[in-house]
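The following pair of complexes shares a single chain, chain A, combined with chain B in the former and chain C in the latter.
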Partner chain A sequence: MNKQIVLIRAVILIVMLGAWEIVGRTANPALYVPPSAAIPALGRLLTLHSYPDLLEHLLLTLREILIAYAMAIAAGLGAGFALGVNRLVGRAYGPILAALYAVPAVVWYPSLMLFFGLDAASKIAFGFLLGFFPITLAVLAGIRQVNPQLLVVARAFGADGVTAFRKVTLPAMLFTLVGGLRTGLALAVIGVIVGEVLGSKSGMGSLINHAYGLFRTPDYIALVVVTLVLIVGSDAVAALLERRAQRWTE
Partner chain B sequence: MNETVRVRVVQLLSVAALLIAWEAVARAGWVDPLFVPAPSAVARALGRIGAAALAGLGETLLKAAIAYVLAVVIGVGGGILLGSVRPLRQAVNPFVIALYGMPKILVLPWIMLFLGFGATPAVVYATIHGVFPILVLVTGAVRDVDATLVTVARAFGARRWQLYWKVVLPAIVPTVLAGMRLGVVFCLLGVLVVEMFAGLRGMGYVLSSLANGFQAPELFAATALVSAASIVIVLSLDALNDRLSQWRGDLR
Partner chain C sequence: MHDLIVVEGVSKRYVTSSGPVDALRDVSLSVGTGEFCTLIGPSGCGKSTLLGILGGLVGADDGRVAIDGRPVDGPDPRRVATVFQDPGLFPWRTTLENVEFGLELQGMPAARRRRVATDLLGPLGLRDFAAKYPRELSGGMRQRVAIGRALAIDTPIVLMDEPFGALDEQTRVLMGEWLLEIWRRTRKTIVFVTHSLHEALALSTRVVIMTARPGRIKSVLELPMPYPRAMESPELVGLRAKLWSDIRDESLRAMQ
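Moving on, here comes the complex of A and B:
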């Protein structure tokens, strides 16, 4: 049964790649790149033949992501706990945050570009903005999950504020919080890459744009593959940390 | 004063305080008006660009609406299909999840190469953006429809269409609505991204050309306009959602 499913999935994948190969060989090479041409292009990219400065761009994108994410964690946790400690404050600002979250975030990007220019700062700002919201909202949701009676009991048994937070609040909200942190990372990554594609002079997004602009479609495919590896890799690390944190709560 | 009123008062006062402080800072000249214009300047700019911005907004909303209808139809239809046919779901699901998780921006240049400039790439890209959350949610909901209900309906001789119409569809309504709520923001986002990337019309194009022209007051005004429009759309979907769940008699 299980083997059968894996087999069917493999067949689907092979059929799709095969169809892509057949269509790609007969159609306009600027549009369709068959896998047999994409793999050599990936080789040329990885051996630094098509873009000798690939590593610098990759590292810049990585650095933008890390800075944006670090800022989003700091600001998101800060804002979340600041809004969460007081019921009235939370009830007043929570809906405002939720309403802003409903705005397609990309509308802020032109303002950020105007403000921070074409360089890394505007990408960091956009990645930060995207990552900030889910983290803040997760903290707010997590605080609501804490059973207030447990806190009362902890205080009655003489726990001070810090101990009560560490022993009661944090374990109770950790599950939600870690989920928010993972979403935040995914969105920070997307923010940086969207920012780079929409306008930049360096970074993976700018290379993708460059290859696309010159109809170097095989190189474009190869760059997309490398960027995808970066994204999937970052999410895999986040998933690992998420499981670690969940095990700690249990 | 009851709490709801107090919450509203705090909200209004905070927004007012923010606007007044921003105006004061801008007037005092602590920030460069080229980058951070005062709210009053933004309001005046809104008057100047109002007609053009509204036309752009209308065009963006139209494209988003077309993409949204496509995304809902494909997402709900595909979700019902994948949810009810187990072998198909097991075979296809990993691909759906992978495509759902993949940042769509990476395929945008390829879509542009294919479809050129104009409304089509925006609609296609926005549909791709909007369809996956709906598809994934609906697939899960159909899969998890209470098997007892299906068995009972079958035992009472329900035909296939009756089974879907009377049992499956009512059971998945809340999930479809949740997916539609997510999908609308994704569709708007998709249209705006394409218009910013390579549009010649629409709100995304208006925003990026204002940014390129360093017209900060106009840019802020246009940003506020499109933000307000999307907040109104999402909040009215939420209200509709509440209305429908009351109608279904959900306990909340």
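Moving on, here comes the complex of A and C:
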């Protein structure tokens, strides 16, 4: 990466941490925690002193995310292709899906808790719900994007429907599809963690809630940092895949 | 001459939102083996539709189309290859992979089709561009890739729908000369659609002039003179005038 960018980024981070330190030291210590207090808390968290069962919670959250995302991919691809292969049906459904997608998803969460209880199932359901829409919409957009001339060419050269789909539609829409999968992952992660924060007995979200509720603000910050690393890490993997797809498509 | 392509009484009507449109009415035409037959006529006269019918991409409402004695009922990439005005290259495939496309669909093993495609790049003038993607090529190069893709499957018939229509005048003339070379070397039967009088006269063994919509055959011009043709010769200048007067009437009708 460009050295200048790295340098500028480091400066921004240092300035942010410095400002945080100054504000944190002058404010109510129960509400604001400066980095000088948060970093030791992070150390205690990672050495399993403050929350000895951290790994269990982390693994549970990860498992919920993976299940929610896998379900969102399966259902999103299924629904997207089922609705999209027929241009007319896809165009009819598109706005309805987009409208549902635009509803702040958190309004569904109470009913999901009623259906699925306080355990992992409701978090998976919420992560699934958030991840499902961008994937479905990306499939629909991707199919619409395919240059019809390319399908005519494929037919002229003897491709049947399945071959044309495999050799033309799929590669032509790949970039859009991978973009949707990336957004779907980010939203599935958010869904699971928000679900945990809103009400649960285990998972990273519940730990965050616990630390926050007991005014253990340094621990709270440390937990947020660990969760952040989880999210940024998963998005970095997705971004890498997206770049590969882009290279391949263009 | 043996008639490779036979079209008898073909009609085609499209239903559009503003009512039915007669694209072709009662068109009959025969094309012999090895001919370079050009269809010319005003915009919207159904030239492309006729080509689509020959290629099996468009169904005729009426009449009979046969290639080598067998009726056409769909695309047949063993006998007919098509080059479109929009080259329709696959942007995620390199030049070589685009040329290989038809062979890939026919299930030719990868190493063999790579060899066939590579051998074609020389005459296509694309030897140094094998690994380039379509976006890295000029318009003329892209169209040569599309022609290479059609030549790769080595069909006796190649249909070309205004392949040089989107190119500038100079590139167009050079591409015409290049195509003539390819045609004389491979001895394929070419059915060519164009708007350009120059192209029609420089390339064809026969020019078929079509009427404004509904498309019918107005007249046929035989061009037995050898290649390369001196376009300034009195004979060709005279033919050009005759061709233009035929097309002019139809183009005026089409503009009404």
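The rule is simple: the second predicted complex is superposed on the first by the 231 of 250 C-alpha atoms of A that agree within 3 Å, B and C clash if a C-alpha of one lies under 4 Å from a C-alpha of the other, contacts with A are read in each partner's own complex, and residues count from 1 in each chain.
FYI, a contact is a pair of C-beta atoms (placed from the backbone, for glycine too) under 8 Å apart; a residue touches a chain by one contact, two chains touch by 3 or more.
On a predicted model such as this, the values are computed, not experimentally measured, just so you know.
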| item | value |
| --- | --- |
| Contacts of A:P52 with chain B and chain C, given as first, second, both or neither | neither |
| Touched partner set for A:A105, first chain B, second chain C, both or neither | first |
| Chain B versus chain C as contact partner of A:P171, first or second or both or neither | second |
| Dominant contact partner of chain A by residue count, chain C or chain B | B |
| Chain A residues contacted in one complex by chain B, in the other by chain C | none |
| Residue numbers on chain C that touch chain A, as the complex places them | 55, 57, 75-77, 81-82, 84, 86, 88, 90-92, 101-102, 104-106, 133, 135, 149, 153 |
| Contact footprint of chain A on chain B as seen in their complex | 3, 6-7, 10-11, 14-15, 35-36, 87, 90-92, 94-95, 101-103, 105-110, 112-114, 185-186, 188-189, 192-193, 196-197, 203-204, 207-208, 210-211, 214, 216, 219-220, 223, 226-227, 230-231, 234-235 |
| Touch list for chain A against partner chain C, complex | 147, 149-150, 152-159, 163, 167-168, 171-172, 174, 248-250 |
| Contacting residues of chain A [partner chain B, same complex] | 5, 8-9, 12-13, 30-31, 88-89, 91-93, 95-96, 99-100, 102-111, 113-115, 189-190, 193-194, 197-199, 205, 208-209, 212, 215, 217, 220, 224, 227-228, 231, 235 |
